[in-house]
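Heads up, the thing below is written out as C-alpha coordinates.
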Amino acid sequence: MQQNIIERKIMWGDLDALGIVFYPRYYEWFDACGHLFFEKINLNIGELWSEREILFGLAETSCRYFKPARYYQSIRIVTKIDALEEKFLILKHSIQASTDDTLMVEGYENRICLDVSDPKNFKAIDIPEDIYTMLESAKGELRA
Amino acid sequence: MQQNIIERKIMWGDLDALGIVFYPRYYEWFDACGHLFFEKINLNIGELWSEREILFGLAETSCRYFKPARYYQSIRIVTKIDALEEKFLILKHSIQASTDDTLMVEGYENRICLDVSDPKNFKAIDIPEDIYTMLESAKGELRA
Amino acid sequence: MQQNIIERKIMWGDLDALGIVFYPRYYEWFDACGHLFFEKINLNIGELWSEREILFGLAETSCRYFKPARYYQSIRIVTKIDALEEKFLILKHSIQASTDDTLMVEGYENRICLDVSDPKNFKAIDIPEDIYTMLESAKGELRA
Amino acid sequence: MQQNIIERKIMWGDLDALGIVFYPRYYEWFDACGHLFFEKINLNIGELWSEREILFGLAETSCRYFKPARYYQSIRIVTKIDALEEKFLILKHSIQASTDDTLMVEGYENRICLDVSDPKNFKAIDIPEDIYTMLESAKGELRA
(Lines give C-alpha, C1' and ligand atoms only; values in the text may rest on other atoms or scores of the structure.)
Protein backbone atom coordinates (compact mmCIF):
# COMPACT_ATOMS: atom_id res chain seq x y z
CA MET A 1 0.00 0.00 0.00
CA GLN A 2 1.39 3.36 -1.00
CA GLN A 3 0.80 6.59 0.84
CA ASN A 4 1.82 10.19 0.51
CA ILE A 5 2.99 12.04 3.60
CA ILE A 6 3.21 15.79 3.89
CA GLU A 7 4.46 17.74 6.88
CA ARG A 8 3.32 21.33 7.23
CA LYS A 9 2.98 24.03 9.83
CA ILE A 10 -0.30 25.78 10.55
CA MET A 11 0.11 29.32 9.25
CA TRP A 12 -1.61 32.55 10.31
CA GLY A 13 -3.76 32.61 7.20
CA ASP A 14 -5.20 29.18 8.02
CA LEU A 15 -6.77 30.41 11.26
CA ASP A 16 -10.20 31.76 12.06
CA ALA A 17 -11.05 34.27 14.78
CA LEU A 18 -10.90 31.54 17.43
CA GLY A 19 -7.27 30.93 16.54
CA ILE A 20 -7.99 27.47 15.11
CA VAL A 21 -7.91 26.28 11.49
CA PHE A 22 -10.90 27.48 9.43
CA TYR A 23 -12.32 24.17 8.26
CA PRO A 24 -12.45 24.72 4.44
CA ARG A 25 -8.64 24.94 4.59
CA TYR A 26 -8.54 21.22 5.41
CA TYR A 27 -10.31 20.49 2.14
CA GLU A 28 -7.81 22.67 0.25
CA TRP A 29 -5.05 20.55 1.75
CA PHE A 30 -6.88 17.31 0.93
CA ASP A 31 -7.18 18.41 -2.67
CA ALA A 32 -3.47 19.26 -2.86
CA CYS A 33 -2.48 16.03 -1.08
CA GLY A 34 -4.63 14.02 -3.47
CA HIS A 35 -2.71 15.50 -6.40
CA LEU A 36 0.59 14.81 -4.66
CA PHE A 37 -0.52 11.24 -4.01
CA PHE A 38 -1.33 10.76 -7.69
CA GLU A 39 2.06 12.22 -8.58
CA LYS A 40 3.74 9.86 -6.15
CA ILE A 41 2.28 6.83 -7.89
CA ASN A 42 3.38 8.33 -11.24
CA LEU A 43 -0.04 9.56 -12.28
CA ASN A 44 0.54 13.17 -13.29
CA ILE A 45 -2.82 14.89 -13.32
CA GLY A 46 -1.64 17.71 -15.56
CA GLU A 47 -0.51 15.26 -18.24
CA LEU A 48 -3.60 13.11 -17.80
CA TRP A 49 -5.66 16.19 -18.54
CA SER A 50 -3.64 17.64 -21.43
CA GLU A 51 -2.85 14.32 -23.14
CA ARG A 52 -5.92 12.18 -22.49
CA GLU A 53 -8.59 14.69 -21.42
CA ILE A 54 -9.32 12.70 -18.30
CA LEU A 55 -9.61 14.00 -14.74
CA PHE A 56 -10.78 12.71 -11.37
CA GLY A 57 -13.61 15.00 -10.30
CA LEU A 58 -15.29 15.11 -6.94
CA ALA A 59 -18.52 13.24 -6.32
CA GLU A 60 -18.50 13.56 -2.55
CA THR A 61 -16.23 14.76 0.23
CA SER A 62 -16.45 14.54 4.00
CA CYS A 63 -14.39 15.38 7.04
CA ARG A 64 -14.47 14.79 10.78
CA TYR A 65 -12.75 17.16 13.20
CA PHE A 66 -11.43 15.64 16.42
CA LYS A 67 -9.01 18.24 17.72
CA PRO A 68 -8.48 21.83 16.57
CA ALA A 69 -5.11 22.76 15.06
CA ARG A 70 -3.53 26.03 16.18
CA TYR A 71 -0.91 28.56 15.06
CA TYR A 72 2.47 27.17 14.11
CA GLN A 73 1.55 23.62 15.09
CA SER A 74 3.21 20.95 12.96
CA ILE A 75 0.87 18.50 11.31
CA ARG A 76 1.29 15.44 9.11
CA ILE A 77 -1.18 14.64 6.34
CA VAL A 78 -1.22 10.99 5.28
CA THR A 79 -3.07 10.17 2.06
CA LYS A 80 -3.92 6.74 0.69
CA ILE A 81 -6.53 4.92 -1.36
CA ASP A 82 -9.39 3.72 0.80
CA ALA A 83 -11.53 2.14 -1.94
CA LEU A 84 -11.28 1.53 -5.66
CA GLU A 85 -14.18 0.79 -7.99
CA GLU A 86 -14.73 0.73 -11.75
CA LYS A 87 -15.68 4.39 -11.99
CA PHE A 88 -14.27 5.97 -8.84
CA LEU A 89 -11.77 5.82 -6.04
CA ILE A 90 -11.92 7.07 -2.48
CA LEU A 91 -8.92 8.86 -1.00
CA LYS A 92 -8.51 8.95 2.76
CA HIS A 93 -6.58 11.82 4.33
CA SER A 94 -5.56 11.59 8.00
CA ILE A 95 -4.13 14.61 9.78
CA GLN A 96 -2.00 13.91 12.83
CA ALA A 97 -0.08 16.12 15.21
CA SER A 98 3.57 15.71 14.20
CA THR A 99 4.72 15.70 17.80
CA ASP A 100 2.62 12.89 19.27
CA ASP A 101 0.67 11.38 16.34
CA THR A 102 -2.73 12.36 17.79
CA LEU A 103 -5.39 12.05 15.11
CA MET A 104 -6.80 15.54 14.59
CA VAL A 105 -8.83 15.38 11.40
CA GLU A 106 -9.90 12.65 8.99
CA GLY A 107 -11.33 13.24 5.56
CA TYR A 108 -12.47 11.42 2.44
CA GLU A 109 -12.68 12.38 -1.20
CA ASN A 110 -14.74 10.27 -3.57
CA ARG A 111 -13.26 11.01 -6.98
CA ILE A 112 -14.93 9.80 -10.16
CA CYS A 113 -13.21 9.38 -13.47
CA LEU A 114 -14.34 12.05 -15.95
CA ASP A 115 -13.96 12.52 -19.66
CA VAL A 116 -13.51 16.32 -19.86
CA SER A 117 -13.01 16.57 -23.64
CA ASP A 118 -16.17 18.64 -23.88
CA PRO A 119 -15.54 21.48 -21.40
CA LYS A 120 -19.27 22.16 -21.08
CA ASN A 121 -20.30 18.59 -20.41
CA PHE A 122 -18.09 16.28 -18.35
CA LYS A 123 -18.97 12.56 -18.58
CA ALA A 124 -18.36 9.87 -15.95
CA ILE A 125 -16.44 7.00 -17.50
CA ASP A 126 -14.81 3.77 -16.38
CA ILE A 127 -11.28 4.30 -15.11
CA PRO A 128 -9.04 3.32 -18.08
CA GLU A 129 -7.38 -0.05 -17.53
CA ASP A 130 -3.78 1.18 -17.33
CA ILE A 131 -4.70 3.76 -14.73
CA TYR A 132 -6.85 1.29 -12.82
CA THR A 133 -3.85 -1.03 -12.62
CA MET A 134 -1.68 1.74 -11.20
CA LEU A 135 -4.32 2.62 -8.62
CA GLU A 136 -4.86 -1.02 -7.71
CA SER A 137 -1.17 -1.51 -7.20
CA ALA A 138 -0.99 1.67 -5.08
CA LYS A 139 -3.92 0.42 -3.03
CA GLY A 140 -1.93 -2.69 -2.37
CA GLU A 141 -4.45 -5.37 -3.25
CA LEU A 142 -2.09 -7.16 -5.59
CA ARG A 143 0.34 -7.77 -2.80
CA ALA A 144 -1.79 -10.33 -1.02
CA MET B 1 -39.51 25.75 9.46
CA GLN B 2 -37.17 28.65 8.85
CA GLN B 3 -34.56 28.82 6.14
CA ASN B 4 -32.00 31.28 4.92
CA ILE B 5 -31.72 31.91 1.19
CA ILE B 6 -28.74 33.57 -0.46
CA GLU B 7 -28.37 34.33 -4.16
CA ARG B 8 -24.89 34.74 -5.51
CA LYS B 9 -22.99 34.64 -8.77
CA ILE B 10 -20.03 32.39 -9.36
CA MET B 11 -17.01 34.67 -9.55
CA TRP B 12 -13.67 34.19 -11.31
CA GLY B 13 -11.86 33.55 -8.05
CA ASP B 14 -14.19 30.62 -7.26
CA LEU B 15 -13.05 28.64 -10.31
CA ASP B 16 -10.36 26.04 -10.80
CA ALA B 17 -8.40 25.39 -13.97
CA LEU B 18 -11.33 23.43 -15.43
CA GLY B 19 -13.49 26.54 -15.18
CA ILE B 20 -15.71 25.02 -12.48
CA VAL B 21 -15.97 25.88 -8.79
CA PHE B 22 -13.02 24.62 -6.71
CA TYR B 23 -14.80 22.48 -4.14
CA PRO B 24 -13.45 23.98 -0.86
CA ARG B 25 -15.25 27.20 -1.88
CA TYR B 26 -18.58 25.43 -1.31
CA TYR B 27 -17.60 24.83 2.29
CA GLU B 28 -16.64 28.52 2.70
CA TRP B 29 -20.13 29.41 1.52
CA PHE B 30 -21.73 26.82 3.81
CA ASP B 31 -19.90 28.34 6.76
CA ALA B 32 -21.03 31.85 5.84
CA CYS B 33 -24.61 30.69 5.17
CA GLY B 34 -24.69 28.93 8.52
CA HIS B 35 -23.80 32.20 10.24
CA LEU B 36 -26.43 34.05 8.20
CA PHE B 37 -28.98 31.40 9.14
CA PHE B 38 -28.18 31.86 12.84
CA GLU B 39 -28.48 35.62 12.40
CA LYS B 40 -31.83 35.18 10.68
CA ILE B 41 -33.26 33.32 13.68
CA ASN B 42 -31.84 36.07 15.93
CA LEU B 43 -28.86 34.10 17.15
CA ASN B 44 -25.92 36.44 16.63
CA ILE B 45 -22.78 34.35 16.77
CA GLY B 46 -20.55 37.34 17.54
CA GLU B 47 -22.60 38.22 20.62
CA LEU B 48 -22.91 34.59 21.66
CA TRP B 49 -19.15 34.43 21.68
CA SER B 50 -18.32 37.75 23.34
CA GLU B 51 -21.14 37.65 25.90
CA ARG B 52 -21.52 33.97 26.73
CA GLU B 53 -18.29 32.39 25.42
CA ILE B 54 -20.26 29.82 23.46
CA LEU B 55 -19.79 28.84 19.82
CA PHE B 56 -20.99 26.10 17.49
CA GLY B 57 -17.87 24.29 16.29
CA LEU B 58 -17.64 21.73 13.54
CA ALA B 59 -17.67 18.02 14.34
CA GLU B 60 -18.25 16.82 10.79
CA THR B 61 -18.99 18.20 7.35
CA SER B 62 -19.86 16.57 4.05
CA CYS B 63 -20.86 17.54 0.57
CA ARG B 64 -22.10 15.87 -2.60
CA TYR B 65 -21.51 17.42 -6.02
CA PHE B 66 -24.12 16.74 -8.68
CA LYS B 67 -23.44 19.38 -11.29
CA PRO B 68 -20.47 21.74 -11.66
CA ALA B 69 -21.09 25.48 -11.35
CA ARG B 70 -19.39 27.76 -13.88
CA TYR B 71 -18.38 31.40 -14.32
CA TYR B 72 -21.05 34.00 -13.69
CA GLN B 73 -23.75 31.40 -13.11
CA SER B 74 -26.36 32.44 -10.56
CA ILE B 75 -26.89 30.05 -7.70
CA ARG B 76 -29.18 29.93 -4.69
CA ILE B 77 -28.01 28.54 -1.34
CA VAL B 78 -30.82 27.37 0.94
CA THR B 79 -29.88 26.64 4.56
CA LYS B 80 -32.02 25.00 7.20
CA ILE B 81 -31.78 22.81 10.29
CA ASP B 82 -31.79 19.14 9.38
CA ALA B 83 -31.44 17.69 12.88
CA LEU B 84 -31.28 18.99 16.44
CA GLU B 85 -29.93 17.09 19.44
CA GLU B 86 -28.89 17.97 23.00
CA LYS B 87 -25.31 18.77 22.07
CA PHE B 88 -25.37 19.48 18.35
CA LEU B 89 -27.37 20.49 15.33
CA ILE B 90 -27.00 19.59 11.67
CA LEU B 91 -27.35 22.31 9.05
CA LYS B 92 -28.29 21.33 5.53
CA HIS B 93 -27.20 23.56 2.64
CA SER B 94 -28.68 23.02 -0.82
CA ILE B 95 -27.27 24.81 -3.82
CA GLN B 96 -29.58 25.20 -6.79
CA ALA B 97 -29.21 26.88 -10.16
CA SER B 98 -31.19 30.11 -9.86
CA THR B 99 -32.57 29.79 -13.37
CA ASP B 100 -34.15 26.33 -13.25
CA ASP B 101 -33.80 25.13 -9.62
CA THR B 102 -31.56 22.18 -10.59
CA LEU B 103 -29.90 20.78 -7.47
CA MET B 104 -26.16 21.24 -7.97
CA VAL B 105 -24.59 20.62 -4.57
CA GLU B 106 -25.81 19.46 -1.18
CA GLY B 107 -23.87 19.76 2.03
CA TYR B 108 -24.14 19.17 5.75
CA GLU B 109 -22.47 20.71 8.77
CA ASN B 110 -22.67 18.95 12.12
CA ARG B 111 -22.09 21.74 14.63
CA ILE B 112 -21.56 20.99 18.31
CA CYS B 113 -22.08 23.45 21.12
CA LEU B 114 -18.76 24.52 22.64
CA ASP B 115 -17.76 26.37 25.77
CA VAL B 116 -14.78 28.40 24.49
CA SER B 117 -14.02 30.29 27.71
CA ASP B 118 -10.64 28.56 27.84
CA PRO B 119 -9.10 29.39 24.45
CA LYS B 120 -6.73 26.44 24.71
CA ASN B 121 -9.33 23.85 25.62
CA PHE B 122 -12.81 24.00 24.11
CA LYS B 123 -15.42 21.81 25.83
CA ALA B 124 -18.52 20.24 24.28
CA ILE B 125 -21.59 21.23 26.31
CA ASP B 126 -25.36 20.83 26.10
CA ILE B 127 -26.95 23.54 24.01
CA PRO B 128 -28.28 26.08 26.59
CA GLU B 129 -32.05 25.87 26.95
CA ASP B 130 -32.89 29.32 25.59
CA ILE B 131 -30.82 28.68 22.47
CA TYR B 132 -32.21 25.17 22.07
CA THR B 133 -35.71 26.64 22.10
CA MET B 134 -34.79 29.11 19.36
CA LEU B 135 -33.28 26.33 17.26
CA GLU B 136 -36.24 24.02 17.86
CA SER B 137 -38.61 26.72 16.78
CA ALA B 138 -36.50 27.42 13.69
CA LYS B 139 -36.50 23.72 12.88
CA GLY B 140 -40.26 23.91 12.94
CA GLU B 141 -41.07 20.93 15.11
CA LEU B 142 -43.30 22.93 17.39
CA ARG B 143 -45.60 23.81 14.55
CA ALA B 144 -47.08 20.33 14.19
CA MET C 1 -18.12 58.28 -14.67
CA GLN C 2 -19.48 54.85 -13.94
CA GLN C 3 -18.87 52.88 -10.80
CA ASN C 4 -19.90 49.55 -9.37
CA ILE C 5 -21.05 49.41 -5.75
CA ILE C 6 -21.27 46.21 -3.72
CA GLU C 7 -22.48 45.93 -0.14
CA ARG C 8 -21.34 42.93 1.83
CA LYS C 9 -20.98 41.77 5.41
CA ILE C 10 -17.71 40.56 6.85
CA MET C 11 -18.13 36.84 7.40
CA TRP C 12 -16.40 34.49 9.85
CA GLY C 13 -14.26 32.95 7.13
CA ASP C 14 -12.83 36.37 6.22
CA LEU C 15 -11.23 36.82 9.64
CA ASP C 16 -7.80 36.01 10.98
CA ALA C 17 -6.93 35.09 14.56
CA LEU C 18 -7.07 38.76 15.59
CA GLY C 19 -10.71 38.88 14.54
CA ILE C 20 -10.00 41.23 11.63
CA VAL C 21 -10.09 40.57 7.90
CA PHE C 22 -7.12 38.51 6.64
CA TYR C 23 -5.70 40.86 4.00
CA PRO C 24 -5.60 38.57 0.92
CA ARG C 25 -9.41 38.47 1.18
CA TYR C 26 -9.50 42.15 0.12
CA TYR C 27 -7.76 41.21 -3.11
CA GLU C 28 -10.26 38.40 -3.73
CA TRP C 29 -13.03 40.99 -3.40
CA PHE C 30 -11.19 43.45 -5.65
CA ASP C 31 -10.93 40.78 -8.33
CA ALA C 32 -14.63 39.95 -8.06
CA CYS C 33 -15.61 43.64 -8.01
CA GLY C 34 -13.48 44.26 -11.09
CA HIS C 35 -15.41 41.58 -12.94
CA LEU C 36 -18.71 43.03 -11.72
CA PHE C 37 -17.59 46.48 -12.85
CA PHE C 38 -16.81 45.14 -16.33
CA GLU C 39 -20.21 43.44 -16.40
CA LYS C 40 -21.88 46.68 -15.36
CA ILE C 41 -20.44 48.52 -18.35
CA ASN C 42 -21.56 45.61 -20.58
CA LEU C 43 -18.14 44.03 -20.93
CA ASN C 44 -18.73 40.38 -20.10
CA ILE C 45 -15.36 38.84 -19.34
CA GLY C 46 -16.56 35.28 -19.96
CA GLU C 47 -17.71 36.17 -23.47
CA LEU C 48 -14.61 38.26 -24.13
CA TRP C 49 -12.58 35.20 -23.34
CA SER C 50 -14.59 32.54 -25.18
CA GLU C 51 -15.40 34.67 -28.25
CA ARG C 52 -12.34 36.85 -28.71
CA GLU C 53 -9.65 35.14 -26.60
CA ILE C 54 -8.90 38.39 -24.79
CA LEU C 55 -8.60 38.92 -21.04
CA PHE C 56 -7.39 41.65 -18.71
CA GLY C 57 -4.55 40.14 -16.69
CA LEU C 58 -2.84 41.63 -13.67
CA ALA C 59 0.41 43.55 -14.04
CA GLU C 60 0.40 45.06 -10.57
CA THR C 61 -1.85 45.35 -7.53
CA SER C 62 -1.61 47.32 -4.32
CA CYS C 63 -3.64 48.04 -1.25
CA ARG C 64 -3.53 50.33 1.76
CA TYR C 65 -5.24 49.40 5.04
CA PHE C 66 -6.53 52.27 7.16
CA LYS C 67 -8.94 50.59 9.53
CA PRO C 68 -9.50 46.88 10.23
CA ALA C 69 -12.88 45.36 9.37
CA ARG C 70 -14.44 43.01 11.91
CA TYR C 71 -17.07 40.27 12.12
CA TYR C 72 -20.47 41.05 10.66
CA GLN C 73 -19.53 44.63 9.84
CA SER C 74 -21.21 45.98 6.71
CA ILE C 75 -18.87 47.37 4.09
CA ARG C 76 -19.31 49.00 0.71
CA ILE C 77 -16.86 48.38 -2.14
CA VAL C 78 -16.84 51.10 -4.79
CA THR C 79 -15.01 50.29 -8.03
CA LYS C 80 -14.15 52.66 -10.86
CA ILE C 81 -11.56 53.27 -13.56
CA ASP C 82 -8.70 55.36 -12.24
CA ALA C 83 -6.58 55.43 -15.41
CA LEU C 84 -6.86 54.20 -18.98
CA GLU C 85 -3.95 53.73 -21.40
CA GLU C 86 -3.44 51.99 -24.74
CA LYS C 87 -2.48 48.66 -23.22
CA PHE C 88 -3.89 48.76 -19.68
CA LEU C 89 -6.36 50.24 -17.28
CA ILE C 90 -6.18 50.84 -13.54
CA LEU C 91 -9.17 49.97 -11.39
CA LYS C 92 -9.55 51.69 -8.04
CA HIS C 93 -11.47 49.91 -5.27
CA SER C 94 -12.48 51.85 -2.15
CA ILE C 95 -13.89 50.04 0.85
CA GLN C 96 -15.99 52.11 3.21
CA ALA C 97 -17.89 51.29 6.38
CA SER C 98 -21.55 51.19 5.31
CA THR C 99 -22.68 52.91 8.48
CA ASP C 100 -20.58 56.07 8.43
CA ASP C 101 -18.64 56.00 5.12
CA THR C 102 -15.23 55.80 6.86
CA LEU C 103 -12.59 54.82 4.33
CA MET C 104 -11.18 51.49 5.52
CA VAL C 105 -9.19 50.11 2.61
CA GLU C 106 -8.12 51.38 -0.79
CA GLY C 107 -6.73 49.22 -3.55
CA TYR C 108 -5.60 49.33 -7.15
CA GLU C 109 -5.41 46.77 -9.91
CA ASN C 110 -3.36 47.47 -13.01
CA ARG C 111 -4.88 45.23 -15.65
CA ILE C 112 -3.22 44.78 -19.02
CA CYS C 113 -4.97 43.58 -22.15
CA LEU C 114 -3.87 40.04 -23.06
CA ASP C 115 -4.28 37.86 -26.10
CA VAL C 116 -4.73 34.43 -24.47
CA SER C 117 -5.25 32.42 -27.68
CA ASP C 118 -2.08 30.48 -26.92
CA PRO C 119 -2.69 29.14 -23.40
CA LYS C 120 1.04 28.70 -22.80
CA ASN C 121 2.07 32.15 -23.92
CA PHE C 122 -0.12 35.17 -23.20
CA LYS C 123 0.74 38.33 -25.16
CA ALA C 124 0.16 41.94 -24.12
CA ILE C 125 -1.78 43.76 -26.84
CA ASP C 126 -3.40 47.13 -27.38
CA ILE C 127 -6.91 47.27 -25.99
CA PRO C 128 -9.18 46.74 -29.06
CA GLU C 129 -10.83 49.96 -30.17
CA ASP C 130 -14.43 48.99 -29.40
CA ILE C 131 -13.49 47.95 -25.87
CA TYR C 132 -11.34 51.03 -25.38
CA THR C 133 -14.34 53.18 -26.29
CA MET C 134 -16.51 51.42 -23.71
CA LEU C 135 -13.84 51.86 -21.03
CA GLU C 136 -13.28 55.49 -21.97
CA SER C 137 -16.97 56.17 -21.72
CA ALA C 138 -17.13 54.38 -18.35
CA LYS C 139 -14.21 56.45 -17.14
CA GLY C 140 -16.23 59.50 -17.98
CA GLU C 141 -13.73 61.45 -20.02
CA LEU C 142 -16.09 61.91 -22.91
CA ARG C 143 -18.53 63.75 -20.71
CA ALA C 144 -16.39 66.86 -20.32
CA MET D 1 21.49 39.96 5.66
CA GLN D 2 19.16 37.13 6.52
CA GLN D 3 16.53 35.71 4.24
CA ASN D 4 13.95 32.97 4.34
CA ILE D 5 13.65 30.65 1.36
CA ILE D 6 10.67 28.43 0.70
CA GLU D 7 10.28 26.00 -2.18
CA ARG D 8 6.78 25.00 -3.16
CA LYS D 9 4.87 23.55 -6.07
CA ILE D 10 1.90 25.28 -7.64
CA MET D 11 -1.12 23.19 -6.71
CA TRP D 12 -4.47 22.78 -8.47
CA GLY D 13 -6.26 24.91 -5.89
CA ASP D 14 -3.94 27.85 -6.59
CA LEU D 15 -5.09 28.13 -10.21
CA ASP D 16 -7.78 30.19 -11.85
CA ALA D 17 -9.77 29.25 -14.95
CA LEU D 18 -6.86 30.29 -17.19
CA GLY D 19 -4.70 27.68 -15.50
CA ILE D 20 -2.45 30.28 -13.86
CA VAL D 21 -2.16 31.26 -10.20
CA PHE D 22 -5.10 33.36 -8.95
CA TYR D 23 -3.30 36.47 -7.72
CA PRO D 24 -4.62 36.71 -4.11
CA ARG D 25 -2.84 33.39 -3.49
CA TYR D 26 0.50 35.20 -3.84
CA TYR D 27 -0.46 37.45 -0.95
CA GLU D 28 -1.42 34.40 1.16
CA TRP D 29 2.07 33.05 0.53
CA PHE D 30 3.68 36.42 1.30
CA ASP D 31 1.87 36.49 4.64
CA ALA D 32 2.99 32.94 5.48
CA CYS D 33 6.57 33.64 4.32
CA GLY D 34 6.66 36.79 6.44
CA HIS D 35 5.79 34.73 9.51
CA LEU D 36 8.40 32.12 8.57
CA PHE D 37 10.96 34.88 8.13
CA PHE D 38 10.20 36.24 11.59
CA GLU D 39 10.50 32.72 13.00
CA LYS D 40 13.82 32.29 11.25
CA ILE D 41 15.26 35.33 12.99
CA ASN D 42 13.87 33.99 16.30
CA LEU D 43 10.90 36.32 16.47
CA ASN D 44 7.97 34.01 17.14
CA ILE D 45 4.82 35.93 16.29
CA GLY D 46 2.59 33.68 18.40
CA GLU D 47 4.66 34.36 21.52
CA LEU D 48 4.97 38.05 20.69
CA TRP D 49 1.21 38.21 20.65
CA SER D 50 0.41 36.07 23.70
CA GLU D 51 3.24 37.37 25.90
CA ARG D 52 3.62 41.02 24.87
CA GLU D 53 0.38 41.79 22.98
CA ILE D 54 2.33 43.10 20.03
CA LEU D 55 1.83 42.24 16.37
CA PHE D 56 3.01 43.52 13.01
CA GLY D 57 -0.12 44.58 11.12
CA LEU D 58 -0.36 45.52 7.48
CA ALA D 59 -0.30 49.16 6.43
CA GLU D 60 0.23 48.55 2.73
CA THR D 61 0.95 45.68 0.34
CA SER D 62 1.79 45.55 -3.33
CA CYS D 63 2.77 43.03 -5.95
CA ARG D 64 3.99 42.99 -9.54
CA TYR D 65 3.38 40.00 -11.81
CA PHE D 66 6.00 39.34 -14.49
CA LYS D 67 5.29 35.78 -15.53
CA PRO D 68 2.32 33.54 -14.72
CA ALA D 69 2.93 30.40 -12.67
CA ARG D 70 1.22 27.20 -13.80
CA TYR D 71 0.21 23.79 -12.47
CA TYR D 72 2.89 21.80 -10.70
CA GLN D 73 5.59 24.36 -11.43
CA SER D 74 8.23 24.63 -8.71
CA ILE D 75 8.76 28.10 -7.32
CA ARG D 76 11.07 29.62 -4.74
CA ILE D 77 9.91 32.44 -2.45
CA VAL D 78 12.73 34.54 -1.02
CA THR D 79 11.83 36.90 1.83
CA LYS D 80 13.99 39.59 3.38
CA ILE D 81 13.76 43.00 5.05
CA ASP D 82 13.78 45.78 2.50
CA ALA D 83 13.45 48.72 4.92
CA LEU D 84 13.30 49.27 8.65
CA GLU D 85 11.98 52.36 10.40
CA GLU D 86 10.97 53.28 13.95
CA LYS D 87 7.38 52.13 13.54
CA PHE D 88 7.41 49.75 10.61
CA LEU D 89 9.39 47.43 8.41
CA ILE D 90 9.00 46.48 4.76
CA LEU D 91 9.33 42.85 3.75
CA LYS D 92 10.24 42.04 0.17
CA HIS D 93 9.13 38.71 -1.30
CA SER D 94 10.60 37.55 -4.61
CA ILE D 95 9.17 34.54 -6.40
CA GLN D 96 11.47 32.78 -8.85
CA ALA D 97 11.06 29.72 -11.02
CA SER D 98 13.06 27.01 -9.24
CA THR D 99 14.38 25.62 -12.50
CA ASP D 100 15.98 28.72 -14.03
CA ASP D 101 15.65 31.49 -11.40
CA THR D 102 13.41 33.64 -13.64
CA LEU D 103 11.77 36.36 -11.55
CA MET D 104 8.03 35.73 -11.73
CA VAL D 105 6.48 37.88 -9.03
CA GLU D 106 7.73 40.51 -6.60
CA GLY D 107 5.80 41.78 -3.62
CA TYR D 108 6.10 44.06 -0.63
CA GLU D 109 4.44 44.15 2.76
CA ASN D 110 4.67 47.27 4.89
CA ARG D 111 4.10 46.01 8.43
CA ILE D 112 3.60 48.43 11.30
CA CYS D 113 4.14 47.59 14.93
CA LEU D 114 0.81 47.38 16.78
CA ASP D 115 -0.16 47.23 20.43
CA VAL D 116 -3.14 44.86 20.27
CA SER D 117 -3.88 44.73 24.01
CA ASP D 118 -7.27 46.31 23.34
CA PRO D 119 -8.82 43.97 20.75
CA LYS D 120 -11.19 46.70 19.58
CA ASN D 121 -8.59 49.39 19.15
CA PHE D 122 -5.11 48.55 17.88
CA LYS D 123 -2.48 51.28 18.34
CA ALA D 124 0.60 51.92 16.21
CA ILE D 125 3.67 52.01 18.45
CA ASP D 126 7.43 52.25 18.06
CA ILE D 127 9.03 48.87 17.50
CA PRO D 128 10.36 47.85 20.97
CA GLU D 129 14.13 48.20 21.17
CA ASP D 130 14.97 44.51 21.60
CA ILE D 131 12.88 43.60 18.55
CA TYR D 132 14.27 46.50 16.55
CA THR D 133 17.77 45.21 17.24
CA MET D 134 16.83 41.74 15.99
CA LEU D 135 15.30 43.19 12.83
CA GLU D 136 18.27 45.49 12.26
CA SER D 137 20.64 42.60 12.57
CA ALA D 138 18.51 40.51 10.18
CA LYS D 139 18.50 43.39 7.73
CA GLY D 140 22.26 43.27 7.85
CA GLU D 141 23.06 46.90 8.45
CA LEU D 142 25.32 46.12 11.34
CA ARG D 143 27.59 44.12 9.10
CA ALA D 144 28.99 47.12 7.25
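Each chain carries a letter (A, B, C and D) given by its place in the written order, and its residues are counted from 1.
We adopt the following convention: a residue touches a chain if its C-beta (ideal position, glycine included) is under 8 Å from a C-beta of that chain, and two chains touch if they have at least 3 such contacts.
Since the model is a prediction, treat every value here as computed from it, not as a measurement.
Common neighbours of subunit C and subunit D (chains touching each): A, B. Simply put, of A-C and A-B, more C-beta pairs touch at A-B. The mean-CA centres of subunit A and subunit D are about 29 angstrom from one another, to the nearest whole unit. Separating the CA-averaged centres of subunit A and subunit C is a span of 34 Å.
Subunit A and subunit B, compared by their mean Cα positions, are separated by 24 Å. In subunit A, the residues that reach two or more other chains under the touch definition are 12-13, 18-19, 22, 24, 28, 31, 71. Those residues of subunit A that touch subunit C in the shared complex are 12-13, 15-19, 22, 24, 71.
Subunit B makes touch with subunit A in their complex at residues 18-19, 22-25, 27-28, 31, 55, 57-65, 68, 116, 119, 122. Subunit D meets subunit A in the complex at residues 11-13, 28, 31-32, 35, 39, 44-46, 71-72.
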